[in-house]
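Take a look at the structure below.
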Amino acid sequence: MIALETQGLKRRFGAFVVTNDVSLRVERGARHALIGPNGAGKTTLINLLTGVLKPSAGCILLEGEDITALPAHRRVKKGITRTFQINQLFGEYTPLETLALAIGERDGIGGNLVRDLGSFDDVVDEAAELLSRFGLGSVMGQRTATLAYGKQRLLEIALAFASKPRVLLLDEPAAGVPEDERHEVLKIVSDLPGDVTVLLIEHDMDLVFSFATCITVLVAGAIFAEGPATEVANDARVKAVYLGESA
Amino acid sequence: MLTILFDGIAYGMLLFILACGLTITLGLMNFINLAHGAFAMTGGYVTVVMMNRYGLSFYWCLPAAFFVSAALGAILERTLYRRLYQASHLDQVLFSVGLVFMAVAAADYVMGGQQQLIQLPPELSGRTEIIGIGIGRYRLFTIVVCAFLAMGLQLILSKTRFGSRLRAAVDDRRVAMGLGINVPVVFALTFAFGSGLAGLGGAMGAEILGLDPNFPLKFMIYFLIVVAVGGTSTVSGPFLAAILLGIADVAGKYYVPAIGPFVIYGLMILMLIVRPNGLFARGGAR
Amino acid sequence: MSVVADGSRALAPMPDDAARSQIRRRSRIRLYELVIWFLAVAAIIVLPSKMLILTEIAILALFAVSLDLVLGFAGIVSLGHTAFFGLGAYVAGLFARHYFAEPVAGLILAGAASGLLGFATSFLVLRGSDLTRLMTTLGIALMLGELANQMGWLTGGADGLSGFSLDPILGLFEFDLWGRNGYIYCLAVLFTSTMIARRIAYSPFGLSLKAIKTNPMRAAMVGVPARRRIIIVYTVAAVMAGFSGALLTQTTSFVSPDVLAFHRSADVLLVLVIGGTGYLYGGILGAIGFTLLRDWLSVVTPQYWMFWIGLLLIILVLVGRDRLAGWMQYLPGRLAQSRSSRS
């Protein structure tokens, strides 16, 4: 079954075509990596998939349903969310409040304006549990803006987890995370239930090959190569264009 | 009918001269300066003082109004505005509203709260018949002067080195700095020039728009409309917007005095609904 | 709404007492809140001669609390908040004059009218930059002001609307000459509204508002429907502003186009900035500070107090609003801490 599919997706900025006719299919439960040289349009593609940007042409299907016209928050409700390459957090909130926000929205209580947040025990408990899973239990009451970068990075990913997505897009999750915490991050990601689909953008090739079963190579906004990880790794063209360059 | 059109054009031209400085600070430098009218008021009062107290010629007052307002603008830019270019819009609003309040009270204190009248030179007062249309001579004078100013402005911005430096500084501050452009000086000069034009507009408008301490508050919305409707990428945009606004306002007040102002505010709100970002987007890049 | 245990959840979350108490502590009643309300009530007995200015403060405070919901929580800079204040004031005046002079009924009607206007205009502040929002809000308030001026047959035009008096509140409490019952009435409305605003602030809804304000893109990415939230809070704030306008009319038996003037929108911004945004009591503390300051200035320099208010604004901005308004939060915060450590 296909979890996420795009058909002829296109995005222009003025005269620049940043995403050029991308037709992508991601299998349900896949560990799919999206790689490509800088400026290949990887983050733009993620922005299109999650509704941060609107495509100039083409459509996006989530589990067979056309979500192209939906705003970002509705897509999240449909089960797709993401992390950001640069942390996008709520500096004044504590990690606990941050996750309670996401869990509350997921459970449909976010519009409740008469009950105290503190009376939703199951939301708070789940937030606390998720925080301790990410090793953030000890800092859950501190203002996010005062946390160390590594902790903020973990919170960034935990926040996406809190929405319990069926399709999760990770935009360079390990960027800036210290070496010893990197594997922690990856372990948490690979421990996700098998039916959660993950699309990963990453520059670190070791990481990509240890994680992904399927790889799409994006060059200049278009799909350059696609296939099982081992195949793509041995593809001479890919090596020439991309791997050779960076390795 | 044609007289109204003519009056409207004169009024619109004035609005353009008054507001074009704001087009740059608000539109290009992204600074919400609600105090722009205070500079215009300064120019108006300079004229009043010079003419009524010292009996100087009206023609001398106009450049004086320009330079005094420009100097004031330069001083305030260097001491205060400069610090707030990076501040939040709320801070800019509060700051400039504070400045307006101070200007209003100060004008009241120094000059008194009454409407100021100036005696125009005889050759500018009265009406002339041109092809059967009664035309106020002063209106004609205003149109001619403002038209020259608008053309001059267009030339400065598009043809001179200063114009290209300003555009570079506004487009990307850091790159401009890297190119050796002294961005703070460019900004300060631009701000001063815009304030000076506002002062000139205030001086010329004392007769048409009236002048009292509430001037900056009364005309704030008009300036904002010119910028909002005209956009900021060209000189002609705000120019046309100002002319349209002038004609609409004069005609509205003449034909439908009861609903005149609604038409203008309503149109503005409609514009903002239709193109909430586009109006302010620079050259429609995004 | 009780949330039934969700069977699909992989791990049943362990009850976490630390987390629960941390979240509950957010909405705990702080000592400074008790102090403020206690003093406000005590003033009825201690300051019988100051009822009129206290009434003024209560009305302004309610207006500012309402703006705080829009500005401090939803992050919308409005230069025309007085549209709702003014509409409420006129509706209350017209209702009392032509139909029914019982104040509470007029209050509710005024709130409803302003709420309706708030709902209708909320769609205009959904999109666009700060600047477009400033201009639309300003434009709406100016239009209403013009309307009040022009529709002389209804509003009395520039002379204002007068010649009506109000019945006793709920048929029981007469508006007395010293303004005592008027103050109690305003205080009761302020208290109720602030408590409602407080409830909203600490609800999941309130949590999502500040998220929209600080990072709209991320808020969308956790599923917050920002447009709907802003429409709701803008409407609620408009209702409260309508209340405060109605209170002004009812306690003074007079309305003029001044209630829609630009300076009111600017004043209430200043009030909120003095008191600090985003925690509701900023509006109340700011109203006290602003009114006392203005009163003092208008005694010292009757005509030119605007100058000093302007200077204050500039200083506030240049020194840093957070740093100056911060002290208000600091002091009560410390008090609250010492209290909790004792208990």
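Going in written order, the chains are labelled A, B and C, and every chain counts its residues from 1.
Just so we're on the same page, a residue touches a chain if its C-beta (ideal position, glycine included) is under 8 Å from a C-beta of that chain, and two chains touch if they have at least 3 such contacts.
Please read these numbers as outputs of a predicted model, since none were measured by experiment.
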| item | value |
| --- | --- |
| Path length in steps (a step moves to a chain that is touched) from subunit A to subunit B | 2 |
| Most extensive contact between chains (C-beta pair count) | A-C |
| Geometric centre distance via CA averages, subunit B-subunit A, whole Å | 49 |
| Distance from the mean Cα position of subunit C to that of subunit A, given in whole angstrom | 40 |
| Whole-Å gap separating subunit B and subunit C, where each centre is the average of the chain's CA atoms | 34 |
| Parts of subunit C lying in touch with subunit B, wherever the complex brings them together | 71, 77, 79, 124, 127-132, 134-136, 138-140, 142-143, 146-147, 150, 262-263, 266, 269-270, 273, 303-307, 309-314, 316-318, 321 |
| Complex contact set, residues of subunit B against subunit C | 26, 32, 80, 83-84, 87, 89-91, 93-95, 97-106, 108-109, 217, 220-221, 224-225, 228, 258-259, 261-262, 265-266, 268-269, 272-273, 276-277, 279-280 |
| Subunit A residues within the subunit C interface of the complex | 50-52, 71-74, 76-77, 81-82, 84, 88-94, 96-97, 100-102, 104-107, 109-118, 120-129, 131, 140-141, 159-160, 162-163, 193 |
| Subunit A-touching residues of subunit C, taken from the complex the two chains share | 1, 3, 5-6, 9-11, 13-16, 18-20, 22-27, 199-200, 202-208, 210-211, 214-215, 217-226, 228-229, 232 |
